[in-house]
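What follows is subunit A paired twice: with subunit B in the first complex and subunit C in the second.
So, the complex of A and B:
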């Protein structure tokens, strides 16, 4: 379920301190999301692609991830040009293709692609365990961090349990259809998964208490930023600043 | 002189709305005891362990650990430092992202600092020959590795006694032998639930059973090894 195709590697990006990467990724995403002009947006897309190249991401694997989002973007390209209103770029029979709608769809597409590629390059290039530890060290709320880590740990087990049950149902000749029997079977399946998760959660809590757990978690890993990390962070700071200038600079002078 | 570690007196327990599963049970584990518990499924073996650890409360009866009567949660916290429970399903026990994180979790809870906890974890992993998997992700381990790491997480707390809930069920022969030799070399008292007669006879000095919610000891039926002869087939086979 969680294959982490980018998590391991020896690229320049992989060796940057995870905490720096997370902070940069978040700031960069916000700036890009708030940008509206095409010059900074195109710039951001190029920067994201450069980051992906620096992280030596396999283009095919990145494309597989992008495809999911491109499905949503296709929907936007269909809806926005037809619903945004005059002036029209062109007319197809009774319908008009709105200029503002096309521009908006283009902006959204550029932002989405740039942010997604950048997140893949900076954040998906660390194992989830590292992400959790790094989040803990940049003082994110402990409970949220452990929610992430525990989800990662146990969703896999839940999926196994789900697959096992589905297999057992199929082996007994179940064929889903549009009928009460199918709905009832699915309801049992989901209900059983909930019940098992609760039982599992209780046993995990017991096991933790048996090892002296008293509501406090500890992080073992110490990240030490290398000189390369500082150089990279400084560079990214300049780039983010440059994107911001391209967007908001003209308003300032 | 034998000093008791665990003393259960007249313990009863019932799950809500069900017949009592333990009914006036008495049990003592002394220092140096290596006891085996063999009984049918559903006879309350696991429940018994959970009662000792204070995870569930008995409907009646007295629990004494190291001679002291244990009543409240805060008493059980002390108990959990000194008695380690190995769960039947290692997936319940291993929740941290990496093996090292998980083994260090107990020592950290006992108030060790980061360096000390890592040192204890490393030392425990080394003693169990697990150093090469120290940075692996826990859920990606094999069943045998999971059980060994789970054992390491318990041993890292340096307990005086262990409660082992089916430590070798579902494991292959090699892993079983590894666990066997680990337990043999440890200087520790334990109660072990198992359905594997061979394993029990190798590793325990006493064997008891659970019947009608009470401990029974059958002195006439002692486990013993015996030799036998048969032609050596080509299929892998096992001797119990």
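So, the complex of A and C:
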């Protein structure tokens, strides 16, 4: 259920220092999100695809992830061209397809795709435990890092518990439908999940205290930026700067 | 109820981040280390519970449960929802870095509001208590949809129709969330009332000194 299909690998990207990858991903995402011209957006999409190739992401797996947002993009492509208003690109009966609407929908689609592919290539390519520790080392609050790691640790277990309960109610002949009984059953199921979680949390707390837990997890491997990391970061810095120039710089072309 | 990457304008993204940062700071401050394991496990439970798909007519919707998060954790809803969104982004690529702030705010602000508006009422008599529990679930999704709508409209007037569609699509979700929250609160009141806010356990004290203490309010 919660497999991380991109987390392990031996590609160039996988060997870059996770802290650098996170910082680059944040800056790159924001720059692309604030970009509105088509030249830098197309450039960004190409850069994102190149990053995905560098990370050796399987295209089928990336496509499966992208499908999730494509539903929303489809809605935008249907609604925006019909509602944005004149001037019209074409007319269908009483409705007009607005030029501005089509451009806006195209812009959003480019941005969304570019950012998602880049995020998958740079951030989804590290195991969540590494992400947690890297977040800690770039000075995110310790408690938040703790929450991320703890949550990740227990989603697998609680998902199993949930599946177990679902099997149990199915065996008793539960058929979900649109009725009060179904909603009541789901509510009790969720309630039970919380009751069990709290009981478990108490045992976890005792166990952790017995082991001398003092509010943080220790990471045994120190992240050391290799020369490749510095070269990659410098390259990405130049690319981000170039996208920003294309968007906000003097327009000589 | 996610806003995808690449839609919102800079000021809207910035406002969302500021709200999420303040809320998370307050939430983390109130979360002491003695209860943080519990917050971690609860946040995992919410993550799993929000994957539950509930049938509605021919389709099905997944639950958000931000009303319940608010009831259980108050301001703690901010860090817990932020955590869930980070995990969703990495594991499923729902949402991403730039919208993390807006999406956290859109779910956690309603959670905190319903907690303080309706939380105290869930211990009243049944009709009031049931209405309050329903309002927690219904209101949290309604306010969330309103915040998402505001984020879109402040980005551009072109999104007015999209906002309308999103609000309409969330109407059945609101009702289902209300009903589920109502039943879940009723269940927890019987099984584990200490999870709900404002519950004070009456200590059962058999010592003669203790007996006097219980009767005094």
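FYI, the second predicted complex is superposed on the first by the 245 of 253 C-alpha atoms of A that agree within 3 Å, B and C clash if a C-alpha of one lies under 4 Å from a C-alpha of the other, contacts with A are read in each partner's own complex, and residues count from 1 in each chain.
Convention: a contact is a pair of C-beta atoms (placed from the backbone, for glycine too) under 8 Å apart; a residue touches a chain by one contact, two chains touch by 3 or more.
Every value quoted in this text rests on a predicted model; they were computed, and no experiment measured them.
Asks: In the overlay, answer first, second, both or neither for which of subunit B and subunit C A:129 touches.
Replies: So A:129 only meets subunit B here.
Asks: Is subunit A touched at more residues by subunit B or by subunit C?
Replies: Comparing subunit B with subunit C, the partner touching more subunit A residues is C.
Asks: Contacts for A:212 in the overlay, against subunit B (first) and subunit C (second): which applies, first, second, both or neither?
Replies: first
Asks: Of the two partner chains, subunit B (first) and subunit C (second), which one does A:151 touch, if any: first, second, both, or neither?
Replies: After superposition on chain A, A:151 lies in contact with subunit C alone.
Asks: For A:220, using the defined touch cut-off, is the partner it touches subunit B, subunit C, both, or neither? Pick first, second, both or neither.
Replies: first
Asks: Quick one: classify A:69 as touching subunit B (first), subunit C (second), both or neither.
Replies: Touch status of A:69: second partner only.
Asks: Quick check for you: in the superposed arrangement, does A:102 touch first (subunit B), second (subunit C), both or neither?
Replies: It touches nothing on subunit B or subunit C.
Asks: Can A:188 be said to touch subunit B (first), subunit C (second), both, or neither?
Replies: second
Asks: Once chain A of both complexes is superposed, is A:204 in touch with subunit B (first), subunit C (second), both, or neither?
Replies: Both partners, subunit B and subunit C.
Asks: Could you look at A:169 and tell me whether it touches subunit B, subunit C, both or neither (first, second, both, neither)?
Replies: After superposing on A, A:169 lies clear of both subunit B and subunit C.
Asks: If I apply the document's touch criterion, which positions on subunit A are contacted by subunit B in one structure and by subunit C in the other?
Replies: Subunit A residues touching both partners: 128, 149-150, 152-154, 157, 200, 204, 208.
Asks: Contact residues on subunit A for subunit B in the complex?
Replies: It is residues 127-129, 132-133, 149-150, 152-154, 156-157, 200, 203-204, 206-214, 216, 218, 220, 222 of subunit A that touch subunit B.
Asks: Okay, in this complex, where on subunit C does subunit A touch?
Replies: Subunit C residues touching subunit A: 4-8, 10, 13, 24-25, 28, 31, 33-34, 36-45, 47-49, 51-52, 54-57, 63, 65, 68, 72, 79-80, 82-84, 86-87, 89-94, 96-98, 156, 158, 160-162, 165, 176, 179-184, 187-188, 191-192, 195.
Asks: Applying the document's contact rule, which stretches of subunit B touch subunit A when the two form their complex?
Replies: 50, 53, 55, 77, 80-81, 84-85, 87, 89, 91-93, 95-98, 100-101, 104-106, 108-110, 114, 117-118, 137-139, 153-154, 157
Asks: Write out the stretch or stretches of subunit A touching subunit C in their complex.
Replies: Where subunit A meets subunit C, its residues are 2, 4, 25-26, 29-30, 32-34, 65-66, 68-69, 72-73, 75-76, 79-80, 83-84, 100-101, 104, 108, 110-112, 114-116, 119-120, 123-124, 128, 131, 141, 143-144, 146-155, 157-159, 162, 176-178, 180, 182-184, 186-195, 197-198, 200-202, 204-205, 208, 215.
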